[in-house]
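Okay, structure first, notes after.
We call the chains A, B, C and D, going by the order they appear; numbering starts again at 1 in every chain.
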Amino acid sequence: MSNFPWLTVAGAIPLVGAVVIGMTPGRSAPGSPADRRARDLLVKQIALVTSLVTLGIIIAMAVQYNTGGPRFQFTQTYQWIPQFGVHYAVGVDGIALVLILMSVVLMPVVVLASWNDVEGGSNPAGEPPARRSVKSYFAMMLVLETMMIGVFAATDVFLFYVFFEAMLIPMYFMIGSFGVGQRQYAAVKFLLYSLLGGLLMLVAVIALYVYSTHGGHQGTFLFTQLSHLSLSPTVQKWLFLGFFIAFAIKAPLWPFHTWLPDAATAAQPGAAVLLVGVLDKVGTFGMLRYCLDLFPSGAHFFTPLIIVLSVIGVLYGAVVAIGQRDIKRLIAYTSVSHMGLITLGIFVMTSQGQTGATLYMVNHAFATGALFIIAGFMISRRRSTLISDYGGVQSVAPILAGTFLIAGLASLALPGLSTFVSEFLVLVGTFTRYEAAAILATAGIILAAIYILWMYQRTMTGPIKPEVAKMPDLKGRELWAVAPLIALIIVLGVYPKPIIDIINPAVTKTLVEAHSTNPVPPHPAPAAATAGTTSDVRHRARASHVAQAQAASKRVSVTLRQRSSA
Amino acid sequence: MTGSVHSALMPQAAAALTTYHATGIQDAAGLLLAFPLAGAAILLLGGKRTNSWGHYVGVAMPLLAFAYGVAAYVQMLGYPAAHRSRELTLYQFIDVGRFQVPLGLQLDQLSICFVLLITGVGSLIHIFAVGYMSHDPERRRFFGYMNLFLAAMLLLVLGNNYLALYAGWEGVGLASYLLIGFWQYKDSAAVAAKKAFIANRVGDVGLSLGIMLMFAQFGTVTFQGVFAAVPSASHGVVTAIGLLLLLGACGKSAQVPLQSWLLDAMEGPTPVSALIHAATMVTAGVYLIVRSAPIFDLTPDARLAVAIVGAVTLLFGAIIGCAKDDIKKALAGSTMSQIGYMMLAAGLGPAGYVFAIAHLLAHGFFKAGLFLGAGSIKHEMNEEVDMRRFGGLAKVMPITWVTFGLAYLAIIGIPPLSGFFTKDPIIDAAFAKGGTSGALLGTAALIGAGITGFYMTRVMLMTFHGERRWDDTVHPHEAPPVMTWPMIVLAIGSVFAGGLLIVDNRLLNFLGPVTGVPPTRHGLWTWSGIVALALVVVAFGIAYALYGRREIPVTAPAGSPVTVAARKDLYGDAINEGLLMRPGQWLTRLSVFFDNRGVDGLVNSLAAATGGSSGRLRKLQSGFVRSYALSMLVGGVLLVGALLLVRL
Amino acid sequence: MSHHMLLAGPAAETTRVLAYWVLAVISVTSALGMILARRAVHCAMMLALVMLSLAVMYVELGAPFLAFVQVIVYTGAVLMLFLFVLMIVGITAADSIIETIRGQRLWAALGGIALLVLLSLVIGHAAIGPSPPATAKFGNGNLNALAQLLFTKYVFPFELTSALLITAALGAMVLAHRERTGPKPTQRELAARRIASGRPTPLPGPGTYAQHNAVDMPALLPDGTQSSLSVSPVLSGPTPDVSDYPEGLPEGSSEAEPARLASPAGSAGSADSGGQEAGDQW
Amino acid sequence: MVSPAHFIALSVILFVIGAVGVLVRRNAIVVFMCVELMLNAANLAFVAFARMHNGLDGQLIAFFVMVVAAAEVVVGLAILTSIFRARRSASVDDANLMKY
């Protein structure tokens, strides 16, 4: 791998973009409204270009990622605070790479989607936010992007914690000053919730450092060194708890979820996508990377409790979502249900479960992101977030309805769309170890069908409501915002192999660290039968007639057996 | 391993046969999926531009698929009986640790039958739809969804592992959701579509749990792997898998516990009802059970459950069919009961699989024919479906009358036609099962055959015979040729299909290696067949007496409690509402309230508590110097006391 | 030459014990009297008594110079300063018995007792033996020893205290001084004001035609009634003159506030020189 | 024999009386007087200790206490008069604007 500082550059570009935006003359600068609108347009274009450039760089990096290679790649380590052993250490393993890809893909889409949100684009009843500057909104978005990349790329626990807390500030302002409805209440609630979690985590981080200084050697925060640290089970339990509660609040696990619906409803759709799409994933990513690796026995101790909480989250989120009357709030509750599934997948400690959970983080971002963005377009047209105010939109705006349907179907995990692959993996992974949890979680997909289709039926089908009759269909910019997400949903649904190949090795390494192995099926099928004919067998067998084909399938099964037993 | 065809009386289960790699034409089996998918993509993504020529693409794709199907069939006939099962992998779908799922297609005798049925009947229905939907503005979108349905159904029958089957399974559910709710401006259609999808979803949960259990037990989900490992599994596990698959089949094939959606599905356009809710999709459940024959062979009680579900649905559907005035709902009731027959046959184990498939194929022909007939009537009577408004159409629509009549004769099982050949062996096999269960199942099948005779004659008489009951705002005349030709072909099919399949065991030999061989039948006439025929004739007499001779009132008479119950689908919906819907809504309202008050209430009250307590503490700053001095004194004293205490 | 205590020998011993107990009783009772007296002047007197008894104790404890300083500086100057300020504030200002802050007295008592117990505990534990034999520096060599100690070991604190005293004096002057905001009233204005006030003639002096001419004895008017105007308000204290309240006595005015001093309606609070009308509106 | 302990006990009593006085009385001047009493009690203790430790340091400290007391009284009373001039009352409780 070239030692070009991919991650640092990718992280820095949005920051540079934000600074450049910051320097453009603001709202108070002189000039007619036309000038001001031109300036705002310039700001938006800068934001879009910056996010696209970052996307390009990350893709260039991802292409060079070699799935069979060492765990952390593109690593850089510099001393930051030598006295405390704090390093500016960045590096990506399979899971982090996929999540960074997800966030940089989401960013241009969100920028496009919230093009005129700040001017009251998608506020119910048309009340514009109090003359907020477009400049600060997009600048904060770019700063948030830097922190997103940073939080996933950090391989130093201290750096991770800094980014983990820093992400709250831009999001707080994006909800607080640019939001709608009870934005102050929601923003403060979101901030306090995450801060509480963050502080608990800080205690654990410090304790971790202190334990790393035991046995005389110089304390360190480097994740690679910390994971070799041997801690007594009771210490592991407490530190696990410290980390876990912070992540459980962030990825809303059941009892700590009440901030998400308020924040997602109060935020602009673009901000809501980032909140639900990326900030939640930081929580589950943290569980997977830090809780399992650093404190295996702690994780095993709390697993039953977490499994129960996640299953409750799945069913509870779905049932409450059915009962909602506000579109954005409904979508927020659906993501509470999906996050329950992700946590379930992580703590089932099987490679299917964890690969499924990681893939689910990515798919959930695209599916729920698309739902939020389209909901935003609907609200910007009809100026109301209540489901009852819509009706018969499909006959008026077919493209909008069509994309909304695909996004809805993705979130109820229809096969052929991306979320199905991950949800099925999670459920299969859970079934191999906890049958009861799997059965209850699978029952969740019925509830998923109910809340999505009932919402779709109430808003899109049926007789056309007079207020909706003149609703324009999706055009140019909006289509460009939604099309990539829909395309990704379909492509990842049909051919998820490339992403799974990146995630799988990282997950198997995490499982090894977490001292847990996949349960072996009691009556494994004879290897010959499971071989099935993989594509390479097809080429070899083409020339031989029937007899040879039998011999070929036997040879293949031998190689397969070694691979599958790894 | 070549199973000898004419083995002893005992039904012989199919050994886990080895599949070979597909070569030659079959190697391009992916085309079967590609054609309809391409059609759907062109039509759906094409947008307004494809409106003018869209439906031609829509029809061309199934025809191409049918042509390829025939070619593959011919190539398959070229292989010796034991080497006919071919397999080909498009690509590795999921590969995580032990969970390896290739997206593979399996072309064996069973799947080729279904491919031919789906593409053949499908193409005919597409041609019919060109005429039927000619004046619908959204025709392009209709054909797009129909092609999407074909692709999903083909994936379902061709998939070589349970996950591919599951993908096709839910894809078909989506297509039926889109097509039932095609006229989505009608609220009833949208509600029916949602209901269908959710009912299917309940079934899908059963199927997916079954797949998970297979993976947990055998570490694989491919047919080969599962069938090879099933014998070594414990009895309880295999029964559990069987029951879960049954739950999935019930969801999709509208069997008793999950049957309420089928009658509402008639909201969709008639070609949809013909293709999806008569010929193909609803039979997917039977395909699943016949495909999982090696599993069901090992669990007698799971098979018994299938048979019982079949028998119950058989009677359930027949009774509902008698009371429905809407011609499409009556035919839907009959579909439900005919599928009950197939389930009953499949539930009899190796003895019944072949007859289930035979009846399925024959049913595909005559039920599609009946629905297309109903469609052409509806088309001509400008969307009127109430049979009490029909009467005397025979003279006005002769071709429809003839094709509908032939299909009618086939379904009630009049000897020369296919119904007789495919339904009687099922009744006979049911009786041959022996024991009380055999007798019960057999009598249920017999009664079913009788009631079928009754309600089909009722439909026939009310629609085509007797005086005209439609006023002159409607002037029906024969359907255009593009609609009548498919009906004619289907009528011919429904006449000869049964004979072709059953006479001298042609289908029996063809499907033997896959589904096992039933005991040989000696001669066509069995005593159960004769009794069934007698019952049909008696039922014909009763129906003729009731509807043939007497004046049919335009408004439905009050009718006995049974007919009232039957009109309400034997309270199927009421039970669903009472047991599931109302508690569900109550639970939702409760949890929404709990979420706002409970969890959120806790958080807000925590905030209020801190606010309140700080308010009270504030009062300590009373402003009086003396109270401050007092607190200083007391504080000082306490401090010194503590120090002393520690020192002492 | 044995420099030793003023009182020496066994006879002295008993007198010292006797003196201690007498002084102790006097000081404690007067201290209690000080905090319980209603009128501030009485408190001042009680405090003086305590200070004097302390002075005597200093002598007994071998600190003759300190005793004198106590008497001259402390009692003489500081206490007199109190009295002076008391005069300004109003000599008759007496506290009311009722306690406004709830639970103040109870807790004050409890705090006091706790403090007492605590300190006595401390003393009980401290090993305070009998005092060592008196040496010269406790006797008449006290002054020299003190001076020597002061200007060697404690010279720095000495300088500091001088700085402290200067700042204190300066502070007091700054706080208490009031700039003259208006022009100094000229003779003409005073005359005009006197005529306008409706009583151009001087007020009768205290004690005119009364039994004796003490400062606080009111003069007698021709009709035999006492004239309250003849006594300086500073002395007259809380006996409000009925004529000052045309609408009758405000109830509850027993409060420390001498109504008399409330400036009569009309005249602004501006600083004018203390004219014959006693009791300046400060 | 009168040992310094007696005097210290006396100083304690006087000190406590002064403290209670400060808490109980409402007139500012009387509060000042109570403070003076406490200071005097402290002086007494100092002198007793000087006598006990056979050194004059205690007495010198007593001098310094007197100086401080004087300074304190001067400034305190100045403040009191300025408050009195503005507020017409010498009660400690009236100056209670600095509150919640």
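Keep in mind that, in the parts below, a contact is a pair of C-beta atoms (placed from the backbone, for glycine too) under 8 Å apart; a residue touches a chain by one contact, two chains touch by 3 or more.
Bear in mind the structure is a predicted one, so any value in this text is a computation, not a measurement.
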{"item": "B-C compared against C-D, more contacting pairs", "value": "C-D"}
{"item": "Chain B and chain C, separation of their C-alpha mean positions in angstrom", "value": "107"}
{"item": "Approximate Å spacing (C-alpha centroids) for the pair chain C, chain D", "value": "13"}
{"item": "Chain B and chain D: spacing of chain centres that average the CA atoms, whole Å", "value": "99"}
{"item": "Whole-Å gap separating chain A and chain C, where each centre is the average of the chain's CA atoms", "value": "79"}
{"item": "Sequence positions of chain D contacting 2 or more other chains", "value": "19, 23-24, 26, 93"}
{"item": "Of all residues in chain B, the ones touching two or more other chains", "value": "622, 624, 626, 630, 633"}
{"item": "Multi-partner residues of chain C (at least 2 other chains)", "value": "101, 104, 107-108, 111-112, 115"}
{"item": "Topology of the chain contact graph, where touching chains are joined (line, ring, star, complete, other)", "value": "other"}
{"item": "Residues of chain B touching chain C in the complex", "value": "622, 624, 626-627, 630, 633-634, 636-637, 640-641, 644, 648"}
{"item": "Residues on chain A engaged by chain B in the complex (per definition of touch)", "value": "189, 255, 257-258, 316, 319-320, 322-324, 350-352, 355-356, 392, 394-395, 409, 414-416, 420-421, 424-425, 427-428, 431-432, 435, 438-439, 442-443, 445-446, 449-450, 453-454, 457, 460-464, 495-497, 500-501, 504, 508, 518-526, 528-530, 532-535, 537-538, 541-542, 546, 549-550, 552-553, 560, 564"}
{"item": "Chain C to chain D touching residues, read off their complex", "value": "13, 16-17, 20, 24, 27-28, 31-32, 34-35, 40, 43-44, 47, 50-51, 54, 57-58, 60-63, 65-66, 69-70, 73-74, 77-79, 81-82, 85-86, 88-90, 93, 95-96, 99-101, 104-105, 107-109, 111-112, 115-116, 119-120, 123, 128-132, 135, 137-138, 142, 145-146, 149-150, 153-154, 157, 161, 164-165, 167-169, 171-176, 178, 256-257, 261-262, 282"}
{"item": "For the chain C and chain B complex, residues of the former touching the latter", "value": "101, 104, 107-108, 111-112, 114-115, 118, 121-122, 125"}
{"item": "In the complex with chain A, residue positions of chain B that touch it", "value": "16, 18, 20-21, 23, 27, 83, 87-89, 91-100, 102, 104, 160-161, 163, 166-167, 169-171, 174, 177, 181, 184-185, 187, 189-191, 193-194, 197-198, 201-202, 204-205, 208-209, 211-213, 215-220, 222, 224-229, 232-234, 584, 587-589, 591-592, 595, 599-600, 603"}
